[in-house]
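Next come the structures, one after another.
In the two assemblies presented below, chain A is common to both, partnered first by chain B and then by chain C.
Entry: the complex of A and B
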């Protein structure tokens, strides 16, 4: 879901955002709920970055001539949020609909960028989604800020040919994973079972989620920050140990070097998510047929716990003048069987709608065409996702992750992985306090 | 313009004189007007807005989730104090100074050397060389950083591939100790051409009878370069140095593009990267605005000091 080398595009967006910010005065972002009881055709704009989303939307436009939706393709989650926040601050320029990653919802809500959909009948979609996904769009409150679109339950991909040659089985526990990593690296010092990526905070958050961490919490009118909880520490020291031993790599993912390593067999495993096959197909096309998909290794043998990496929802922005029509579209897009099937097969995402597994996800993705139970494994992974609360400054915590863990990964010291975690904790807490959030 | 052409012969001389005077006073302003308007709209207003932003901050109440829980309040100099007290900011400024110590002398040294070589009588294929040296300047920094990024990454670099074939050990240039040089190299590669052209142009402006006189006196080419050419092009050297100092303080594109490739570059590696991160990753445009103002003032002070120190020596003969 992330493309290396997006910096250029980001910079361009930033330049655009700067111009917009400089030319317009800050205006209030007050809601105009119910200003849309108008009838007659309306046009809605939709910022999304999922591939081929325009083709999915075409299906809607054909059957709903009164509500035309236009997809405005975005670079990705981060860039789209930056643009939206700028438009909200400027008082105009926001789209009606927005693809919003789960971890961005608290930030957007806190900036007053999203409409509460509970008054528009969003509650009727609740039964279509898992409790975890629903919690992510309601933040545990009575408001509904978005409707889940896709999720990213984490999965483990590995080179079954390499495992077979070395007499290894798919690791059931993290201990097995560590042993396999050691065996593989000993057999061929250029090969690694994985890498610890300082560039992917969402990946690490998902791993701690599996171990039972939830980095933020709400109690009463206060936020709690729990980034350096015992569960997170367990995960950080585990990966720090592997990096210190040198049995897994310490360079970030999504670099040209990493892409090449997947393709030429230097990286023989990838802790990823259900959307991984698309990335593998793009980067490691040469190795098609050599990979297998499994659920994540477990902390306790026999347990079934999982984390999320990626996934997004559809929200209505505060500036939309047609929230009712927008809600109608959102409900169709994320729960109508035709639309959900199109999301899975045309946009290649893993729909959040729990009914999708039966109807839309019948054949394995092309890269795993020899593994017919791919979506059964994915469904098992999806059902095991642990609850996790995102806070209003995920961006701060994530950027603190990239800096602190880059240093730790560079140093290859287990102890530094733990201090990286506490530096994330203090950066995140002090940012909340500085802005005046009440923090317990 | 019309006022000028309308000063046709008229009987009333006094009136004409008054009209002349008025047009003489007003015309320059009319001509300046587009420039002034553009300057105010696209330079002064954004700067003023940045200063206003830098004096504000967001205050949130409670959970910060309700529509009215967030308000912008006057913060005084708090953002400035926070910026200055932030160890990341200090570290990034120090880093940029070290970076400048590497980049500026090397870049200007190469630019001067190439300019002198191109200007020398015995050079061949000067037209081709001039274009070849200048060409990297035409490559946008993001593109050149991508290009060099591929050349730096051990597993995709042809240099490392060749070195491995020859069994020569190669250090990882994106490692923590060498990454500064990796970034500096991109800047030097891109910047030498522009500076070379500036210096070369002023070399071409030197009348050749000076050289003839020198040769008659028995000076060698090296002596001519050292004793005549370099002293004469000192003003261009100073101008290119000033541009280079400003560009150094603003280094952004190269490290930002290389950052995803390595653990060695942080999100606040240079002051501008910190501004970008605060504004667009942390969504805190207020403290980013304060840091921007600090950088702008720092750049101005440094440029001013530099000019102050070298001016007398460089432009002394013109006074």
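Entry: the complex of A and C
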């Protein structure tokens, strides 16, 4: 298995297609069997972690008695991918369908875990998605490894009552954000406009994406790693500066302390993404009605650039015996107006389908019920997302981020933020080489 | 040692006299009290925290109780159609059935190893002792690969089967059988015409009973606490035991808030059966640990 993996990995992108081609040879025999099994009812299993996905799938099951989909709820993206990779190596135990985060697709493809959907008619869904989302599921090749399900354009949430009291406006640029952070912390030393979270690499990746970074690149047969690019350095040194000055907090997000700080008004802003309202409602229920949503501050005044944090796609695994039926379901789930509406309103995700804003996302989320233009802001944020390429060892880069930036944030030294970035770069590059990928 | 083993059955009068004779040392009591606080403080925290609702949890004083215990239990019960109680039931099945069968297997193997002579016995026992040294955690992934080959992953069997054989249980059973079952009795049974299985079930098992309770409890607690094996084996959360289920509620990913109140209430409810089990079987546990210490 290890040898097969390495051999596939060696030739990088071209090989990605080859690995899947090799893995899809049983699939094509499956297709011919598929003709006979088309007549009988088919059962598909679907690993997903979005809340209430089973209820969305129930709508499909009611209208499609021949293709029954069973949702097995998973514990978030990382755990599900680990399990899937184990099942792929073991040769059985994988589901038919998989909710796959965009940043995990290259990893799954290089492990031969996904079927190429381009021969199953996935191309017909292309017009439903933004170019960025489509690029994330094709990796820029002619294969289609998944169909976009939801995206996480980044957004800025802030306590409008606190801003009003201090005479501040929603920051249009990062300079404004830094000034606002200083004013807020001076007015009340227990309050912070935000925190630099060393526990959320996806968040930092999104911020560098907005600044124009793309951590990986594919050219011909080899991968490039560009984590310490000028754009990333700009972002790291900006946050390092704020932390060193002490005007923003340096503890990670999603800790009990952070939850409490949101709820008691000690954290008065949050750089997050379109799914933020759900988290705020759960963690800071007491502050409902005090928040406003805006697009991210910009690096150049008047520009409109954004990054992504989160978002996932639906893929068919290499072990599925019914790829055609699975594809039918995927197409329905992510592009049918009824399904997209259910994704938005029942599963509470921000559908990747660009038509969703008109039909499904008409009323603001409950936590922002007094901000009627919430989804217009979100649509603007979504349209501005910059291109970004993930590599096959995102997990390594992400854990390098957690290690290096935790130390930098604790030390409160701007210079250490920059050295953390270069340590991520070298760790990620050497891991790629060690795994047998060609690295330019 | 013998005195210690018999202390619990000393008449009450003897104990009172001893109490008068040995005055409790203040220092010893202080150390013990410290130990009590160390052990009970987290439990008190869980009890207090489970009475708070989401917004009180991190904002009110840690050890101040609130009034939302019932609401929390109702909310937990309603979570995805009572999934929590299914997890409790699953845990009871995994731990109960697993520990019962495992005790039986251990008794049978331990009895055979202690009372029979056959070629290769030393080798078998040696391999078994090596098995005691291998932590079950590192076997989880190989076990997944094996069970995947026969298509049993993501089923009840995938969690039950690997935990039926416990090298430590067999080892204990062998020690206990050697000490508690006189060979004369086994031979007498054979002379009277009892078959080997009859001898085992009618003569050996009753004599080994206290030791088997220990093995049962060990294995029950081990399966109850096991996280990695079910975590790797199971994809469908309707098959999860309580450990994996609760951990999932905390790791919902960045886009969903962690369900702290549900997890804390769930943790509180999940220790109740263990407490009951320990109170019920405590007697056997204590007697046997002391006896084992003497005879091993």
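One rule holds for everything that comes next: the second predicted complex is superposed on the first by the 402 of 440 C-alpha atoms of A that agree within 3 Å, B and C clash if a C-alpha of one lies under 4 Å from a C-alpha of the other, contacts with A are read in each partner's own complex, and residues count from 1 in each chain.
Definition applied: contacts are C-beta pairs under 8 Å (C-beta built on N, C-alpha and C of every residue); 3 or more make two chains touch, one makes a residue touch a chain.
This structure is a prediction, so every number in the text was calculated from the model and none was measured.
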Which of chain B and chain C A:242 touches, first, second, both or neither: neither
Which of chain B and chain C A:139 touches, first, second, both or neither: first
Touching partner for A:364 - first (chain B), second (chain C), both, neither: neither
Touching partner for A:74 - first (chain B), second (chain C), both, neither: second
Touching partner for A:107 - first (chain B), second (chain C), both, neither: first
First, second, both or neither for A:47, with chain B first and chain C second: second
First (chain B), second (chain C), both or neither touched by A:399: first
Which of chain B and chain C A:435 touches, first, second, both or neither: first
Footprint overlap on chain A, comparing chain B with chain C: 78, 254, 256-257, 260
Residues of chain B touching chain A in the complex: 45-46, 49-50, 57-65, 67, 69-70, 72, 142, 146, 149-150, 153-156, 175-176, 253, 256-257, 259-268, 276-277, 279-283, 285
Parts of chain A lying in touch with chain C, wherever the complex brings them together: 45, 47, 49, 51, 72-79, 83, 86-87, 89-93, 95, 152, 200, 202-203, 254, 256-257, 259-260, 263-264, 273, 275, 278-279, 281-283, 285-286, 309-310, 349
Residues on chain A engaged by chain B in the complex (per definition of touch): 4-5, 7-8, 10-11, 14, 17, 21-22, 26, 29-31, 78, 82, 85, 106-107, 109-112, 139, 141, 143, 198-199, 218, 221-223, 250-252, 254-257, 260-261, 266, 392-393, 395-396, 398-399, 402-403, 406-407, 409-410, 431, 435-438
Touching residues on chain C, where the partner in the complex is chain A: 54-55, 57-59, 80, 141, 144-145, 148-149, 151, 153-154, 231-232, 235-237, 247-248, 251-260
